[in-house]
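Notes follow once the structure below has been shown.
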Amino acid sequence: MPHPKFKEMERAYGFDDVALVPGDITIHPDQTDIHFTIKSFNFPIPILASAMDAVVDPALAIKFGKLGGLAVLNLEGVQTRYENPDEILNQIAQASETEATPLLQKIYSAPIRENLIGECISRIKQGGVTCAASLTPANTKRLAPIAKEAGMDILVVQSTVTTAKHISKSYRGLILSELCQMMSLPIIVGNCCSYSAALELMRTGINAILVGVGPGAACTTREVIGVGVPQITATMDCATARETYFKESGKYISVIADGGIRTGGDLCKAIAAGADAVMLGSPLAQATEAPGRGYHWGMSHPHPTLPRGTRIKVSNRAPLEQILFGPTSVTDGTQNLVGALHTGMGVCGAKTIKEMHKVKIIIAPAIKTEGKYFQATQNTP
Amino acid sequence: MPHPKFKEMERAYGFDDVALVPGDITIHPDQTDIHFTIKSFNFPIPILASAMDAVVDPALAIKFGKLGGLAVLNLEGVQTRYENPDEILNQIAQASETEATPLLQKIYSAPIRENLIGECISRIKQGGVTCAASLTPANTKRLAPIAKEAGMDILVVQSTVTTAKHISKSYRGLILSELCQMMSLPIIVGNCCSYSAALELMRTGINAILVGVGPGAACTTREVIGVGVPQITATMDCATARETYFKESGKYISVIADGGIRTGGDLCKAIAAGADAVMLGSPLAQATEAPGRGYHWGMSHPHPTLPRGTRIKVSNRAPLEQILFGPTSVTDGTQNLVGALHTGMGVCGAKTIKEMHKVKIIIAPAIKTEGKYFQATQNTP
Amino acid sequence: MPHPKFKEMERAYGFDDVALVPGDITIHPDQTDIHFTIKSFNFPIPILASAMDAVVDPALAIKFGKLGGLAVLNLEGVQTRYENPDEILNQIAQASETEATPLLQKIYSAPIRENLIGECISRIKQGGVTCAASLTPANTKRLAPIAKEAGMDILVVQSTVTTAKHISKSYRGLILSELCQMMSLPIIVGNCCSYSAALELMRTGINAILVGVGPGAACTTREVIGVGVPQITATMDCATARETYFKESGKYISVIADGGIRTGGDLCKAIAAGADAVMLGSPLAQATEAPGRGYHWGMSHPHPTLPRGTRIKVSNRAPLEQILFGPTSVTDGTQNLVGALHTGMGVCGAKTIKEMHKVKIIIAPAIKTEGKYFQATQNTP
Amino acid sequence: MPHPKFKEMERAYGFDDVALVPGDITIHPDQTDIHFTIKSFNFPIPILASAMDAVVDPALAIKFGKLGGLAVLNLEGVQTRYENPDEILNQIAQASETEATPLLQKIYSAPIRENLIGECISRIKQGGVTCAASLTPANTKRLAPIAKEAGMDILVVQSTVTTAKHISKSYRGLILSELCQMMSLPIIVGNCCSYSAALELMRTGINAILVGVGPGAACTTREVIGVGVPQITATMDCATARETYFKESGKYISVIADGGIRTGGDLCKAIAAGADAVMLGSPLAQATEAPGRGYHWGMSHPHPTLPRGTRIKVSNRAPLEQILFGPTSVTDGTQNLVGALHTGMGVCGAKTIKEMHKVKIIIAPAIKTEGKYFQATQNTP
């Protein structure tokens, strides 16, 4: 005798659960177009660099912008808490495994200095590239105007989970629709990971959303608070919200997949799942120019009472340009990410990002088998 | 040509198979309410300490009660079999791997001494906290009155599987409805793991059920007798029984998830799956104050002819208060369990435990990948 | 646009994919009845010992019979090919890893000696127990009468896959219905693993079937020829054939699960999946009295041109009686198999094997996690 | 409230996800017929050797052809770029792990020399066997006539993904229907992996398709560009296209499963999934006679900017004849592949390849458990 169910649960999928199916036509990689736009800003490559201290400092933001992408500077990290952030970054890189978390907790308890916000942004603008910077919702109202004043082009409002409506007794929640009017510059908000939350955010008037909450299967947000949605499902659900919102408003809000992407294959899958662009952290922390000095850590890591994530050693593996554009002799998918996207789109017969959204995805778990499998085929043009 | 099926089998899910989906609103963790009540007893935190010798002795029961939870003393363990249980606990901690099981079998073959039952309970009551204690069904009728006489506030009747109707030739099965009338104090019964068994137990007049039979995927109850239900499914099924029983009687019987919870993430998932509270064993055996001296073992382990489970080394990792409330620099989810619950509820937009019961759960297996994945996001308030 | 499917594929399940759900009533283990009958032969325990040279020789057959089970002697192994089989078994046990397969291929190329068949069977009969012995289909017609003459009580006709109809140019396939009439003693046939094949076998007039073709997930029959059905599904499908055949004929043909059972938990699951009894190989090869001297190998292993399986070291872990009946201090489910079945049936509320057939099974994969999980509960009576 | 889905995703299956179900009749292996035909060419065994430099050189092509199969020579590899390919193959075998990829990139950047194409083909023809050779689509129009002139019997047009319509600005895509008319010899095209792409290819007039894009679960095509379809699903989908095309045209286009096959079990599964033949790479690279000298690499590996795959050590394990026909003492399924196919067909009751297409397949994941499972059964005739 069957009984009623307490609740329904649907299966969600991550990068390692799926694969793309080649198309019925193929296109030469050179013929594929991967540009990304956010309002009047146009970027040749659909890649954002994460607002993390191990990934973006002003110097990297300039270099990344010149290579065609958009780096986001974290306005609540070491760059705005310390006169000499390089010294702090050295300390982090030199800390032992056990020292790392307490050290980070201590470092991030220093106050944000408003004068440093302006300085950082000016430096990026002087580099001649579009400047994007991020704030948490609690600090946005106070600090965003300072950043805009200094020349910020695009504002990113970001926390682990950001919703259109936050309830708090300590401060009045940020009203995103008011913020949009006040700032009059493109606003990216995140992170979110469900259809309904994404749709509500889009209705506030913002210009793009970041998708990704605990997307990695081993992500410690899942260990610590049980929360997280595998990234393929999260991206597909938020892309559906974009379609719904486009039908009701005629406005196209970009969906940016943020988190869990490690390889060119993941990047291709994220786009095929509906993303207009991706935000990369650890793949870029591996660049020789990355401020993390071969280490990577997240912004929930230094939480004073409930730290999540770990400092991981990523090593400095190649210059930024090689990671993005190759050429490479590395065969694990971590280099020539842009070349991989062009090739993947060609094989799938997608000329544009929007055509890539229509490519067939199958559920095909990647079983790790230490070289047991092998596939080798003819050279493809 | 399809043939008839021998029986239908449904998929069941455990903690590592699922994840929680953030809500469309978020709530500041301080604003979430996690209290738990059982009849007139009210507890600030929805956590019980397991009736296991490695977890609870009278001293720990007092400390745990003062921190807001409810510890359950095992009335058939070393505390009531030995005048000097500390000496016995030392022996267990000092035994080698191979000696451990035979030693435990020997230790638990000593008789229960009725006078020690009273002494233990008096000691807990003198500590000024609510006193809960557990007995197996076979001994309940004889020993429960002695415990009540000594001041026991809440009775726990517990065995691997306890049903409303047990068939035996050696003793007349315990009639739970008679027990409820005789004892006139709150009674928690377990363990059960299915809708129908939970519903039958609720109809006997008891006040709460413990859910969990072989919930851990590597639990040796599964290896030894093949029996076990993964804890998310077990909890959801028993929570459904609670709803059914509430509709038919107007009485709300608490569902306590017991077993398999190792982290804050598991705790959040158990509550989202319908639990009103959780019972923790190994996470608390890690406390500096735990009687297990860095080891943990279950009460089916010393079975004289068919032992199940193993003595495992859990180490003394932190004081009890830090395990429950932090702060911590540990990022694997094993410390600040209460903070994790508040944060998880905030992110899911649940103000109360009952609202947490409505949070969306997805099926999202956690693939263990040794640091291959990484997710790092902005600090959340 | 969906296209037609080449073929449908259904999911099949093995022991590690499922678990049993406790019942709504529980029964004291002493009150459960596990006897097994095949025609007029009655066995107190539903366990057969495999017709393998590492498991059964005449001495073990006698001991096993006295303990309540039924051992099957392989009439095409070392016992009937060599005057002094112990010497051969010593050679096998002393061979190195790389020598083992070629040595076995050589050993099993010696001819079967008809006089030794009679001697082996007489020895078992003199031990005062029921004597069962096995032959492959190709040799059955020639050798079965010799074995019957010597006193064999039950004939087992066994090969990797045996069907009611075999097509061959080198010999006329064995007609099972003719064999049944000719032999007039109980006949067990196997192995099979599907509903239709089992039903066809039952209709030939045989008395029991062996179920299991490549049931173990790592079984090399799967590696070598791709064939195999996980044992829970195979057993359920063949049990369904038993029900169908019972409806059409009124005769109850026993289903014996053969292969893949390693623990008490697997045994309980096999019975719950519909088996009337189980046939054990490697669990019994671990007995001190087993002829394999701490090693185990199968009868497809020495195939001259396409060997399958490997000689594995199982060690001599305990006397046969302890493996079957305990007591034990081992907690991995490999000892006290009969106690485990009684306990499992008690927890599931099944008084008899036939009631155990009705117990609920869930799909609950056992993820191996090196002690990460832990479950410990109260002592159960 | 459910929301619309961004796209549907179907589950795809690989070799390790499935197993074959024995038939209701069994057939003696000697009675099974496994021949393969492509137009007027007839091959006793349904096995092609991959057009890879580690697998096929002229000497191996002759030997393989005499053993009954069809080897394909890669016309864009070392044999046609270097006067003395053996010297180059020695260099590759002697390179260290880190040197291998850059060395291969350099080696394959040398130009193809048209005179060497003719020489290679002549040498094979002089060996008295059918000569098949492969070209990429970009070079086919230019080089195929040269190869035909030299005596090539069968043309293979192969790249990672080949479609009936390729869009390129640098060269006009190859029109396959024109090619068929121009060449007037049997043409095999690949690789493809979906119903619709296979159907379009068949409609161009070609004679066989190669199926397989990133079929191995750990294939780096998946890591690098996210593309790949597990081989069982790919083969079944393309076999369905063959049925559709046969209905519409009366022509039977052979489906050749290419990639991911490591054992006799995989071979049997590929045929049961609908393949008429298989193409083998790494299993043959293990032959003593293979030009790879114990190493194996694919033709996408040396891609100048986006290399995929790795050079793997396969060792020289046995002569080619033993790998194909045994006898063997190896029990892991890598030797006696033809014997395995005969035996697998016999056990499944399939007299011919077309009957094997009807054999039942189940979903039964192979969990790797280091010898934990063991199955051993009676000898089968």
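Each chain gets a letter, A, B, C and D, in the order it is written, and its residues are counted from 1.
By definition in this document, a contact is a pair of C-beta atoms (placed from the backbone, for glycine too) under 8 Å apart; a residue touches a chain by one contact, two chains touch by 3 or more.
Worth saying up front: this structure is predicted, and the values here are computed from it rather than measured.
At the interface between chain B and chain C, under half of the residue numbers involved are used by both copies, so each side presents largely different positions. A centroid comparison over C-alpha atoms places C as the chain most distant from chain A.
Each chain gets a centre from the mean of its Cα atoms; for chain A and chain C, those two points are 55 Å apart.
Taking each chain's centre as the average of its CA atoms, chain C and chain D sit 39 Å apart.
Multi-chain contact residues of chain D (touching two or more other chains) are listed as 196, 368. Chain pairs recorded as touching, per the definition above, are A-B, A-D, B-C, C-D. Interface of chain A with chain D (complex): residues 13, 18-28, 30-31, 195-196, 236-237, 239-241, 243-244, 263-269, 272-274, 326-333, 336, 339-340, 343-344, 347-349, 351, 358, 360-381. The touching residues of chain D, counted against chain A in their complex, run 1, 3-7, 9-12, 14, 16, 50-52, 74, 76, 101-102, 105, 108, 134, 136-138, 158-170, 191-194, 196-197, 200, 212-230, 233, 258-260, 262, 281-282, 296-310, 312, 368.
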